[in-house]
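Let me give you the structure first, and then I'll get to my questions.
Going by the order they are written in, the chains are A, B and C; count residues from 1 in each one.
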Amino acid sequence: MTKFIDLTLNGISTGAIYAAVALSLVLIWRATRIVNFAQGAMLMFTTFIASAVINSTGSYVLGLLVALASGLVLGAVVERVVMRPVESAPPLNAVIVALGVYTLLVAVAGMIWGNTPRSFPAAFSLRGYEVGGTRLLFSPNDSFIVLVVIAAALGLALLFQRTSLGLRMRAAAFQPEVARMLGVRVGQMFTVGWALAAVAGSLAGVLVAPSVFLGPNDFDPILIIGFVAAVLGGLDSPPGAVVGGLLAGLALSYVSGYEGSSLVPLAALVLLVAVLMVRPGGLFSASKERRV
Amino acid sequence: MSALAARAKLPRSTMLRSLALVVLVGVVLLIVSYQLGPFDDLQLANGAFYFAVLAGLTMLAGLSGQISLGHGALMAVGAYTVALLIGNEGWAVVPALAAATLVTAIVGVPVGVAASRLRGPYLAGATLAFAVGLPAVADKFSGTFGGENGLSINPPTPPSFLGASFSIEQWEAWIACAGALVVLFVLWNLTQSGLGRSMRAVRDEEIAAALCGLRVGRTQAFAFTVSAACAGLGGGLLALVLQLAQPGAFPLQLSLSLLTGIVVGGLGSLAGAAWGAAVLVLLPRWTNDLAHSFSLSNNVSSNLPLAIYGVVLIGAMLVWPSGIQGGVRALVGWALRARSSREKD
Amino acid sequence: MASPRIRSIGVLTAAALAAAALAACGSSSSSGSSAPGVTKTSITFGTHQPLTGPAAPGYSEIAPGSQAFFDYVNAHGGVFGRKIHLTIKDDGYNPTNTVNVVHQLVLQSNVFGIFEGLGTPTHTKVVGFLNASKVPDMFVASGCPCWDKGTTQPYTFGWQPNYTIEGKILGQYIKQHFAGKKVAVLYQDDDFGQGGLAGIQDEVPASQIVAKQAYQSGVTTLAPQITAIKASKADVLVDFTVPIYTAIGQLTSFTLGYKPQLVVSNVGIDPTTVGGLLKTISKGKASGTGLIEGAITDGYLPSPTDTSNPWIQLFMKIHAQYDAKAPFDGNVEYGMANAYTLVQALQAAGKNLTRQALINAVNTHGASWTGPGLVKYRYSSSDHGGFDGAEMGQLRNGKIVLFGGAKSTDPSTSGAITPVTLSPAVPPANGVPSGQ
């Protein structure tokens, strides 16, 4: 029984990270209809910057704020400089450009900070809560992660549904020509979308770095599962990203715990295919099925 | 004027025309393989098996509009089939390659059927999970598949009539190029046929195509299966040329590189697949050589090739949105227009 | 779609251009001399290493460490007047790249031999080619027992004690000092972990092993494995893990409040690397090694933190001069010690350097060489395994302290573990080995 509880708790805490990554992918998709394969590299880069700040100033909060700020800048710059020219090109072009950005960021991080992973401090204690004499696999830091991710998801949902900025962003994504005619600065909306997504990604990076360590390639598995989670929940739905992330985290935790870690990638595949066959647009979508 | 007349003498039938082209390209490659040293022959072989996969993938993504991030895993299926048949069962090369193509096509059927129900990024996500998940089977059933170390096979030995000094690498290049030419021939004819037109119709206007009586799902699934067969052949050739079948040789990065190849080469065209294969083989070499021509600290020099590669990818997409073949086509079209406008004078 | 004519031109042009580009890049084929890669003034070796990618951490320092030692030897006149060059190629731990890179080194760069090729899944794919082409494959950087096939793979030599040998020595220690206690094994699901587990199982009675948990390299959490191990109530946890996973395992154990006695493979215990990863949660402890303090391990080279050892002093001096950017840790020491052995082999091969002479030198003289190693080499024409044992060690105050004397054994299940009395060798006066 303890094993089940621990695996569930582990699934929730890892799921929160996947949810955060999925959220940033959903944001970019909603804003610009592009899947950002460079997301993992971008959040790795901003986390490195945060690490440098923390090492030199000793302040975690300052490091976190710098991570978010540099995420904002990085997202805006990448969109404006590199992605803007391909936003009107065939969708695959944007994928290749994103892959180019990913490769470049990983290489530059390796050049500046080296390939050896380094540790990253956690915001709160990593010692598990003690319940009835046993320690659970859930620490104050894990609670912090879950709460922050839920808050971010709610904030983003509110942004899109209730604010005029969100409305303009959605309009710019779905019908850029019409939106332009109605006075929406479409280009600016794209940049805002990318910047916000990068902030969400930076947050995820800072939250996960303590447990996976910080190195140029260390966030790749997180991005892969985060993408799967985003697709699982539906790329147009922020609540879908959260649910998808939690579902992925739990499923992978149970499979790894009861069957062994070699089956985890297969489990992710089975889960995703099972959901997509029933709902081809993800869990939180309203798509029709297609018959062969 | 005479050049135009000469071109008009090309056979009208697609099949004959493609056969003539295939024979011509084959002869050129044969001659070239004698000029190259053994290492470059190996690179030619690499380029050939990449072409086999890329041709199928560019047809799938370009003509049929389906983005697959999972073709690396399909190559793995072909590679393991060849490794098991040649290594464990002692089959000969050609039957093993044919079997690899068939087995991967069979695996491609359910994947293609599932894929036909998905669109855009959802298809990308599902195929990405496939690319990451399938090689894990090799780890799970490590008894048959050799686990992390995978399977090794002996290199294919050239037949004795070629002489004792005929290098293994050149023989591998011949086998791989033969496979690539088969793919070129088949896909050329397929894309020019009614099936090719159906694929384009479904890609461009799905609902209209369905109204015209095209079975959308079936067309998509068939396209996927054909591209899977090409990937299986490419993977089988990889196993033969590199003598390995191993999970580490088919990471997600491979599937992403394949996508890079078809887009940078020129989406939807077989010539683009050829350019893409050349890029996949030559670009890492060039970036490495370039990076090492400066003497820099270890951290910088080991990561510089990757940085250059990233910049090249970004630059290529910004400068040539239609890929290299788009650029070539524009150039050729401009030259032909200039020639014909001069001839009018 | 462009007209078929333009497409024909396009395909033909593409094929011809690509092939021509290859030909232009291509260089001369093999020079055909009996000793490629050797001139009057130089010897060139090649190596394949994971300089980038997920396997790079730590391992990317090994070849630069070797290169630093070669630079030092070159500055002191080289070997018979020849300077040693090491061409390092990145394979990203992908065997497809390994095959291509090794072919390039042998066929195009015409290296004399391959040295310190890193990784089991990567190097196993080039062993056949190297032996068929009669290229020396010196001192592979991996502990797989598969390099030890002197009769069928005469050109390939291992160097570090293989994982089964290490597992047996650690297992014997557990059997003797933790009799009756419950033992769990956390291991990487490849040759390294499986080899180590086999060695442990050779020595530790099966009734004592209460949990065996494997992980795939690349996972981001070991929570399921550690949870299962904690649930088995094991008193001793054996880690056949690389440093990142040793650290992740300890982090998870910390959250769970689980504190078993750790026994860690020498591959995964480097205090600089693991301590660096655990630094921020071991608040107050200077080196960050608080969570692995007291761990039992083994070593076949002097501990890299043992600054009183003359070999470490020599290596640190060379490191400061030629490789100062990287921290001096177990990886750098490995690279330098391995390079030392290669120089010994080159000296023993004599002035008339051919590939066969090098192979014969190791087969004939290798077993008698002394160097920084704490145990002897198993080199003969049939044994190509390298170091045949290790000494037990423990992490005390952030440093590995070796104790108990070295032990040697062979990888077979029945091979006995015997103590070794080896008087520690002293480095030669100028640090450059002779071939004795």
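Just a few scattered comments:
Just so it is clear, a residue touches a chain if its C-beta (ideal position, glycine included) is under 8 Å from a C-beta of that chain, and two chains touch if they have at least 3 such contacts.
Here the structure is a predicted model, which is why all the values come from computation and not from measurement.
Taking each chain's centre as the mean of its CA atoms, C is the chain most distant from chain B. Two chain pairs, B-C and A-C, are compared here, and B-C has more C-beta pairs in contact (counted per touch definition above). Centres computed as Cα averages put chain A at a distance of 32 Å from chain B. Once the centre of each chain is set as its mean CA position, chain A and chain C turn out to be 36 Å apart.
Taken residue by residue, chain B touches two or more other chains at 136, 139, 299, 302-303, 305-306, whereas all remaining positions touch fewer.
For chain A, residues touching at least two other chains, in rising order: 107, 110, 115, 262, 264.
Contacts with at least two other chains are made by residues 51-52, 60, 189, 216 of chain C. Against chain B, in their complex, chain A makes its touches with residues 29, 35, 37, 82, 85-86, 89-93, 95-97, 99-108, 110-111, 114-115, 224, 227-228, 230-232, 235, 262-270, 272-273, 276-277, 280-282, 289-292. Taken together, the chain A residues at the contact with chain C in this complex read 2-3, 6-7, 10, 14, 107, 110, 115-122, 126-128, 130, 134-139, 210-213, 215-218, 220-222, 253, 256-257, 260-262, 264. For chain B in complex with chain C, the residues that touch the partner chain are 7, 10, 14, 17, 21, 24-25, 28-29, 32, 35-40, 42-44, 46-47, 136, 139, 147-150, 152, 154-155, 169, 184, 192, 238, 242-244, 246, 248-249, 251, 253-254, 268-271, 274-275, 277-278, 281-282, 285-286, 288, 297-299, 302-303, 305-306, 325, 328-329, 332-333, 336. For chain C in complex with chain B, the touching residues are 1-2, 4-23, 25-30, 51-52, 60, 64, 89-90, 93-96, 99-100, 103-104, 107-108, 120-122, 124-125, 128-129, 132, 189-191, 216, 325-326. Interface of chain B with chain A (complex): residues 61, 67, 113-114, 116-122, 124-126, 128-130, 132-137, 139-140, 215-218, 221, 252, 256, 259-260, 262-264, 267, 299-300, 302-307, 309-314, 316-318, 321.
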